[in-house]
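Below you'll find a set of structures to go through.
Next come two complexes built around chain A: one with chain B, the other with chain C.
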Partner chain A sequence: MSLRFGLVGAVAIATAWISPAQCDTIKVGIIGTMSGPYALFGQNFKYGIDAWVAKHGSKVGDHQIEFVYRDEESPNPAKSKSLAQELIVKEKVQYIAGLYFTPDALAVAPLLEEAKVPMIVMNAATSAIVEKSPYIVRTSFTMWQNTVPAAKVAKARAAKKVAIAVSDYGPGIDAEAAFKKTFEADGGTIVQSVRMPLNTTDFGPIMQRIKDSGADMIFTFLPAGPPTLGFVKAYIDNGLKASGVKLLSTGDVVTEPDLPNIGDSGEGILSTYHYAVSHDSPENKTFLADMVKAGAKPDDITMASVAAYDGARLIYKMVEATNGQKDPDKALAAVKGMKWVSPRGPVSIDPDTRHIRQNVYLREVVKQDGKFLNKELQTFDAQPDWGLAKN
Partner chain B sequence: MTDRIMVDGMSAPRFSVPLELRAVAITLALGALGYTLFPDDLAFLTRLISITLLVLSLDLVTGYCGVATLGHAAIYGVSAYVVGNACLAGHSDPLLLLLVGAVAGAVMGLVSGLLVTRFKGLPQLVLSIAVGQLIAALANKLSSLTGGSDGLSGISPGRLFGVYAFDMYGRTGYVFSVAVLMVVFVVLLRIVHSPFGLLCQAIKDDSLRARMIGARVYPRLVLMYGVSGVVGGIGGALNAINTGVVGLDSVGFERSAEALVMLVLGGAGSLWGALIGSIVFQVFEHYVSAANPFHWMTMVGALLIAVVLFAPKGLVSLGGLLAGRAASLLRRRP
Partner chain C sequence: MAWTALSIGLDALSYGMVLFIISIGLSIMMGLMRVVNLAHGAFAMIGGYLASFALKSAGVGYPLAIVLAVLGTIAIAFPLEFLLYRRIYRKSDELTQILLTIGIAFVIIGVANYILGPTTKSIPLPSLLSGPVDLGFRMIPAHRIFVMICGVCTAGLLWLLIDRTEFGIRLRAAVDNGDMAESLGIKTQILFSATFALAVGLAAFGGVVGAELLPVEPFYALRYMVTFLVVVSVGGAGSIPGAVAASILLGLADTTGKYLAPEYGEFFFYLAVILVVFLFPNGLLGRRH
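Now for the complex of A and B:
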């Protein structure tokens, strides 16, 4: 019997956590990695949104905005789709946002038109996502956007033979294609190209292959999370760094929370990315202060929180433009071409692709006052999504 | 009637409706209950039914034959992928897809049965994991067939009987799934209480003895694996039809392990146990993860510990216990 009561009690406590809905509440469903190995980034979604709400209030006009969180856990398209369905049908959300992984975002996309719900992608970085529905906007980045500058850096730093190692899924394949196309157009050679399964934990054999290929630089992408640390460690431990092979990556591989774990040997790793926590601007200072007020630890802040912060800005704008009515076309029209200064720098929403146009920075891992950070060396202004840009 | 001999160790009621009728009534009642209590959660309930079929399928080999396996999701996932590909190739009739799933599952079941049941104990467990991992690795590599980590998406089955569409609200999917579950459950009740099913249980209890009375152990186990494959395959097919996406998670180790956890929770060796276990586990998980997406895993862990402590033979034994107590109370009455 005690089991029974225990269960009933547990469920009762659990349901009590859901706050009761108020009248004229506009709900926004956030699907993110709230538990498991990628939990840090789901929590960053929440911190970013909380920071925005703390600054701008929880109301737009007379409309109360409520954020409802769901846990996508891992790349699990079937689960994400049914979570989105639940948010739309049961919670009656007007907007869906978040989405850490590309497969999950792709699974949700087909629901949007039937449900008339706009989706704000706050991370998933495959170019093609925004093409899957006219109701998708993205405030994060794409692989093409961050990788094309990386290939230019490789050329500028006189790399001749580059080995590419990417995670074997949508964004990884995008990164590979973007780097290859840009670098070869500039006259470089790709000597090795490895696609690593997403669940790889032992990178030793891959390092050996790269070593054997005689490359003088590695370009890599893995989704930000535990595996990136393993990759960088394997790069150092297998002696590639010591033998002078340079490591160039997108910023996903050297997110700030991982830097202390990589340690001193990580100094000098180059990356191209749209946001460094150390970015020097008044907007970023205020943002970081707001984040801390919202409960985030300074060392836990990543790019996901900025994407969420800006995503919340778009949601508020959409609610304002539609006056709380369910009108996805009007909502989308309101944010197309929108320009503002984000904590990451000046940004705008490209009216054609509905993807964010932003500066991409070349950074280097350095140690300053005993703390590791990504120091910005060079700025590539107002980069579009090169994967979608018609050129 | 052999039917009533082995009803989960419970004492058989003296005058009772045939087991199959009861099963029909109970699954229909559960289905209607789900529909009325949670009309907005049909997508979830549909997914629940699909997983329930996997747990039932696992029960057939683990609960009834004593085969230890941690790779059962291979059957489920492969059939989901086959159904997905069939649908993408233009065969979109849901009933046809279900049949495709059942056949794919049967083939997978027979093949893994041939391998896994050759061994016993730990080697068997390891082999089952190996088969599962092999399939998972293949699913990742053959991305032209499976979509790799991006998942196989764009599966849109046609209308059921040409009338009812599988839409976002999931009514068609739900009713369809309940009907499928009911049919499968009744057929399985028949099978596990048939001479063949009873022989499987005898093999589980003492395979040497079964051999002594002339039973051919290996072919029986493989056959049961095939039956289990059909059930798991139908589950996988429902998953593909209803969600329209098949991801690597559907062949993954975690899916196999979770199915085993649900089975143990409900009570292995009883179809009712499999049913109860998967319903309780998934409903609990669903509500806790919605209420607190950040720390829900802790609560699920607490539930499992509680069940293992208080009802080590599964929730179904708890039901038997309560029924027994109620019966003795009734008897004591003058």
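Now for the complex of A and C:
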């Protein structure tokens, strides 16, 4: 079975390899969470790409670009891998992009070199992903990138004893390590470190445990999605907020669509993140207007759409550089070191790590004119991925 | 230390009560009507969706939303009872039941996903039930207190209904010997339909009040089904005290595990299940069939 599949795949890849120029349509496979609990972010991929296409046209030179969507649903490596195989073999895509979850991105990575398909990661945030193949570029963020500034904020806000609570999978463990290393190097103490299973819905006991540890601040990461709301609610309803324990998180926990659900009691939650929908810049204003034109509801816009918008920029650049030919090395060379002003601020692709270098902002949840938003308080300029940076 | 234990106990009790309210309907169906209803979780989910719709789109109050959700779910389930469930009461073999009811669950998941979309639907709480309550030694979400009261009331009322009323006597008679009950003039078909409605209504009620702990989304129907079945098998099918005991025991195992060693996930929950089923093959208070 696998032998036959391999042969079919090899033949198909070979055919695609020999005759790419005859077909003037270049396909890009997007693997995202189009349904299931994380559907909002898959839709954000699509809106971001649609906004880019609406602005810059669906053609690069003479080449028509077509985006083909596949649904990864949830952290499901086996499914994501077979979706990628299908996209490569059957749809003959030249690029793969998207990937909300780390395990899914890791499952696709080994296929890329053999199929000569570059992959643009638009969300999955574990540092190591870009090391798994030379054909991976990332336009989102990493946990280390957003967490190192968080630990500095904790120190600056005079936190002495911090409890860490993270989701028990790749990015959570990265966040835990990044915070612990940075905070302890600055002389802080970690009194508690909890790894929460991904499917946790009842955070009451965990809050109790943190409370009993005597921490004066919680640092947390959960992947943006339904559980983050449960976590913040449990933090408030179990009285930790009232008793003065501060909550510091990466922005994943306070994505803009969740803020109205968290409500008034969410005011004052601090987070460090690479993009706030409220970011004040002309590029962001244009971007938000384009998003609405592409069909997104203003209240549904998240960081995933910006990563997709910038990801589409890279894909267009790669198509231009290779003139539509299947040449991954040339495509990658074209985007390494690329600099531009994204809706989130000035960014560049680090030529060594192929990860995006960007500003990270400290934000606070505030209510302005009846709407909740993440207000930027402080900027950490041009942060590399601290998990990969050699220093 | 004692305060910590008490505080874990409170969390366990509220989680256990959610499990109890949803699972007791399943237990009644299995114990009294010998139907393994794998679509039970789907009915709980429908209840949650209806309450969410009533609160957010129709703008009714929380108590009324619960009533509407329960009645609405029974109304949706009634045609299914009339056309399908009626054929599998008591007599059919397990395989037929499982194929039929899991098929119904899949259809409900598909329809919910298609019409309402894949996202989680929140059930906004009234201000009385949201936010923390100070118990002196700890703060607890007001909603959890409400859930515990709901659980105790449900258990008490059900026990009264089945053990102390005319309806309960007839139902138990029909269960113990259906043919004899019929010949004595008891209309078993109507009794069973009413019990089905009761089971579905309880599922919907649990789906609404438990939504803070088990969020409502299309895969709810299958995601928590194993947990509900486990409660029934640990407690013993058809036994109300058994279901109460099982819910609290499993709630305690899960909550204590989460407090002491969260990285073990559901290990302690299933460890408790294995131990109980090993020691009591028919469940804690189940009868041998």
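In this text, the second predicted complex is superposed on the first by the 368 of 391 C-alpha atoms of A that agree within 3 Å, B and C clash if a C-alpha of one lies under 4 Å from a C-alpha of the other, contacts with A are read in each partner's own complex, and residues count from 1 in each chain.
Keep this in mind: contacts are C-beta pairs under 8 Å (C-beta built on N, C-alpha and C of every residue); 3 or more make two chains touch, one makes a residue touch a chain.
All of these numbers come straight from a predicted model, not from anything done at the bench.
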First, second, both or neither for A:Pro197, with chain B first and chain C second: both
Partner chain(s) touched by A:Ala289 [first = chain B, second = chain C, both, neither]: neither
Contacts of A:Pro110 with chain B and chain C, given as first, second, both or neither: first
Partner chain(s) touched by A:Leu377 [first = chain B, second = chain C, both, neither]: neither
Chain B versus chain C as contact partner of A:Ile236, first or second or both or neither: second
First (chain B), second (chain C), both or neither touched by A:Asp168: both
Partner chain in contact with A:Asn76 - chain B first, chain C second, else both or neither: first
Which of chain B and chain C A:Pro37 touches, first, second, both or neither: second
Chain C versus chain B, contacts on chain A by residue: B
Which of chain B and chain C A:Val341 touches, first, second, both or neither: neither
Residues on chain A lying within both footprints (that of chain B and that of chain C): 35, 39, 168, 197
Chain C-touching residues of chain A, taken from the complex the two chains share: 35-37, 39-40, 168, 194-197, 199-202, 204-206, 208-209, 211-212, 226, 229-230, 233-234, 236-240, 242-243, 261, 265
Complex interface listing, chain A residues touching chain B: 2-3, 6-7, 10-11, 14-15, 17-18, 34-35, 39, 42-43, 69-71, 74-79, 81-82, 85-86, 88-90, 102-103, 106-107, 110-111, 114-115, 126, 167-170, 197-198
Touch list for chain C against partner chain A, complex: 4, 7-8, 11, 14-15, 113, 117-120, 122, 130-132, 134, 138-144, 212-215, 217, 219, 254-256, 258-260, 262-263, 265-266
Of chain B, residues touching chain A in the complex: 40-44, 47, 137, 140, 143, 148-151, 153-154, 167-170, 239, 243-250, 284, 287-297, 299, 302-303, 306-307, 310-311, 318
